[in-house]
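In what comes next, subunit A is part of two complexes: it sits with subunit B in the first one and with subunit C in the second one.
And then the complex of A and B:
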């Protein structure tokens, strides 16, 4: 090949490599940036007085005096809105029946959307669900609700060839000339005074239980559940995996059975995780009866089976990479095989074994399918350590799916979904980072 | 020619006493040494079907230095590693004939290879200290054999390091990682580590092939120091080294022990033409 062609080939290969790295980085950005910005929004956001009221009533947090003065100042502005409402209600009473019919349904809509903005209005019966006890706790949500309070959404279906188009009509037009008309500009102009938005850092998102299926509160039960499940899986899988790896590398004689076992192990690593989930249900719960029904124990065992092949492979590779000379040196000093493994080979293989372990831990923390049938519930409080043998637990991975797709008001709690995703990603990332740091430290210690 | 060497030589000890044949007249006689410490009788080593060492008959004298020379792949290392059963690590390796150590069969059914290796220490081609501190490296053997008292360990470590002529260089950094030492220091550390379990035999498998000339000289001096205290066997590619450090020399060619005689005789007046060709550099 002549030198010109060779150089062109070299350069084009460099360009292609560089290009693919850029594409990968961009793809990563597309995924990570929304997770980061929206997820952080669960902790750092502009909270309203309703949020502080919620914290005080549900979690007994915050200063009572400050809060009551805040509530008093917000009530002063709300009082006028409430007065307009009661004026209009009185006016409605006095109207002709047909007039009444025309206004009452529209008025009901106005009232509902004001309720969702400010919380229960005077004269409402006490709310059954916690979500109805408070107005909007987050300012950006409140602005959204303000829009739907001011405008009625309608659909333009005049052109039958295209899909209907949404358009908005000011509600104030419907109530022109009535005593309700001043309410709309009043709320629009005084919403800030009624809700008192303030920048809030809500670390409780990580440490609080959820209130009313994640409408309010935090994700601690999920974080704790994920922690229990992943640690439990490691507790089972790590020792067994390392022992199996020692057997494969040090004791097993090469032969048909050994190669069968090894390829079985590799196959196990490629089995879809949902199959492990079904297996866990069928074997641990229905056959072995480790628990009545779903439990952390059953979930941990299932996850352990799932990560076992990875741990075995990582440990095998780590053990095989220990120089043969260490083994020879130890044996030549009159050490037994067992002692050599314990005092020389395992310490030298430790960085690799631990890395494999921590990466498996991250995988166990992130897996959804194996725990659907064996351990996860959608809503629940944090369980105690004593309950792991009998109780199921919420877990981040499963609840991310659940909140995003099966929650009755998924659109209202986007920040919780993103917050959970960010929490899970951070946990896995931290585990992997700690694996890298651990590896580097031990390797440094070994190298001297 | 090749067919000649494949025939194992008659056991020399049949005609003359071993002392007369192997002991160098010009070198200092070691008191209490000169017994047949390791005895091979029709001893063969196989890797699967392949016979790597063929029907070797030899007596290794106690407290003297025996060198093993020969071209690459002639089976000298295999023979050396057979003495403390390091070949057990290779699954396909098996033996025939007998190899005696202190009169007991090394490959006998009741031989405890762990005990054997305690008595027959080995230093390898590449320095192979453990990735631990210098202290832990030397203490590894004694701890294995039940010494746990820190003071006693310290005594053993000092004695071993002094014997291996490395005490002065490392005495102030015993807690540092052994991998931080230079290659030559590491190799002497390995000798010290082996000495710490108080073996009777020291097997050196090309101990200087990975070292520079200066470090090599130190190891050779060390061997001279240890001569008389331990039965030493050294495999080497370097014929000058063999002639410098050893009392008797074995020449292997293609698995056959061609000649075994006192070093002075083997290098000045070899009996076998093969030996002569090899030591004069006609092949290697």
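And then the complex of A and C:
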């Protein structure tokens, strides 16, 4: 090869390396940015009067006077829409049976659609589920609903080679010439007056419990459950892990037994997380009977054995990085080995050990598979500290899965899902960031 | 004062231990070490327990149904009567997404590791490492949510165009390189400088036209693809490769660092470029360590549950044709997670135990690959330190 080509190859090799690091950074961005922007939408959004009504009725929050004047002003605009509805219903009564049949099913669609936009209409029977008691609480959702109120969605399947295409037809065309026709332009033009959108900051998303399986309200039970599970896991794993690390670094003699123990450690680190879940079910619940069925305790124990190898490794590294001179100085002053470990080595290694602990805490908080069979439930209120031995808890990681994949109206509550993901990711990343900062400070200190 | 003086005198006696005291102290030390050992051995005990308890619930399945159905049949109807437990398609699905993620993550991860260890200056490396750690820290369920809610609809709506762009962006630089290198190699033997130049230019133009034609043709074919479902093996493979990347990068970077400076300097002294040094000298020396990294990364992808459960489509069949990554698949981990809820009310049934059989399979695979990668790392360290 001539030298020019070799140079080009060399440069492009460098470019590939840079490229893959950039791709990795981009991957991080691509995943984190939509989670961040959409997740913030759970707290900061344009709320409607329905949202304020909900807060007042479900959580007794907000100014009663302001609210009632707002409701009154929105009712004034709604009244005209309701009047059109009752006019049309009367007209429908007078129609020929044939025409009646033609209009009534279409009218039922219009009515349901308006119901989901504005809440219960006059003449409806009282709603059973909270989700039907209120109209749209978020303005962007209201705009979506307005679209499906104005347009009927149809599918074009004429070409069988390609997938069907969706297209929209104005509903008002169906009701041309009837007394319902003016309703569509009226709602389109006056929706703002009917719903009174206003920029809202809803911190309650983090501190409220959920209403009607996450249609409304916040995610406090999940946050608390995640906290209990992760803290419980740390409580078991941290002391054992640190002690094991002390043994490995200070006492263990090289030999068959020691290499076996080390192999066991790396095996444990490589066990798939779902297998931990199965083990937790088979051992802690079905064999040891630590609780009747799923419980926070069983989940914490399962998570604890999962994070144990990480803690041991981090603690080992931290202890090994304590300079030998510290140890020798302490021993030469006549203190015993155990005394040296307790008073000299551990304090010096503590920041490093804590770093490992913080990272493991993040891992325990984010892991889902081990708690599926051992601790997590999809619906439930926040549990008290006394219940951790007997009752399962909702947890962020599990409920993200549950809301996104199994919830009956997953597409309706995307903002809640995004909010949960953001809460979980920011807990975990915050823990990791603090670990990174902590480590940077240690290495600076060790360098002097 | 008197008390203090007497205290001093007793203190001075402390340094001379009586035989009994010495024995007691020795006993305490040994006891303490014993306690430490037991706690350290706790991990080993847990590993044994995991094997025992998973195997205990897995064995009844093989006693009831035997081995052949589980490994060879693709009929997975655990809820039917009579039930069928053919897990071949599920094992195949696991293998498929694992292989797919490895195909994406291994080249990228090794390239990034090389870049981190040999190319980037230290100041930039400091910022690149936290990015990798962050990627490793993001919970799997967040990746799964992203795959399900963002990536899957994107693939379904504009999958063909997306594939075309990825093809163009990723492959065009490589094709360009191939053209240049091929033209160079073919004109290498010509002695006359002027003729060589002419031949070189013609070949570059010729190959260039062919390359552009290939690029456009394949791009058009990819653009025409309609992805029926966004929750498919490709989606999962991409996300799993993000999750396997950090492991591959950090472990292979360690392996590359372990190759000493002297080897690098020897290669540079012989006139090799950096790329040649890395490809011909450092990579072979670090190859076993990189292999260990790849094994660990693949294990991460194979054992991952949430992403595949949420975004693989969970349909238990072998895709048609067998390499079609655009079809929905089902994996071992997702099956365990998904079916346990329905199965555990009837503890003792084959439906419950088959899940443990799958867990045992995963456990054995992870155990073996861990041992292998550990052996590899130990051996490499021995070779490099010259023992």
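What we mean here is this: the second predicted complex is superposed on the first by the 417 of 448 C-alpha atoms of A that agree within 3 Å, B and C clash if a C-alpha of one lies under 4 Å from a C-alpha of the other, contacts with A are read in each partner's own complex, and residues count from 1 in each chain.
We adopt the following convention: contacts are C-beta pairs under 8 Å (C-beta built on N, C-alpha and C of every residue); 3 or more make two chains touch, one makes a residue touch a chain.
Since the model is a prediction, treat every value here as computed from it, not as a measurement.
Applying the stated contact rule after C-alpha superposition, one finds that A:146 touches neither subunit B nor subunit C. Residue contacts after overlaying the shared chain place A:314 against neither subunit B nor subunit C.
Partner contacting the larger number of subunit A residues, of subunit B and subunit C: C.
In the superposition on chain A, A:368 makes contact with subunit C only, while subunit B stays out of contact range.
Once chain A of one complex is fitted onto chain A of the other, the partner contacts of A:359 are limited to subunit C, with no touch recorded for subunit B. Residue contacts after overlaying the shared chain place A:383 against neither subunit B nor subunit C.
In the superposition on chain A, contact is made by A:21 with subunit C only, not with subunit B.
Interface of subunit C with subunit A (complex): residues 29, 32-33, 36-37, 39-44, 46-47, 49-50, 53-54, 56-57, 107-109, 111-112, 114-116, 119-120, 128, 130-135, 137-146, 148-150, 173, 177, 180-181, 184-185, 188, 226, 228, 242, 245, 249, 273-276, 278-279, 296, 299, 302-306, 309-310, 333, 336-337, 340-341, 344, 347, 355-356, 359, 362-363, 366-367, 369-371, 374.
Only residues 1-2, 5-10, 12-21, 23-25, 27-28, 31-32, 34-35, 162-163, 240, 243-244, 246-248, 251-252, 260-261, 263-279, 281-283, 286-287, 305, 308-309, 312, 338, 359, 362-363, 365-369, 372-373, 397-398, 400-401, 404-405, 414, 417, 421, 424-425, 428-429, 431-432, 436 of subunit A touch subunit C when the two sit together in their complex.
For subunit A in complex with subunit B, the touching residues are 253-254, 323, 325-336, 339, 343-344, 347-348, 445-448. Across the interface of their complex, subunit A is touched by residues 84, 86, 89, 91, 114-115, 117-118, 121-122, 124, 126, 128-132, 140-141, 144-145, 176-180, 190, 193-194, 197 of subunit B.
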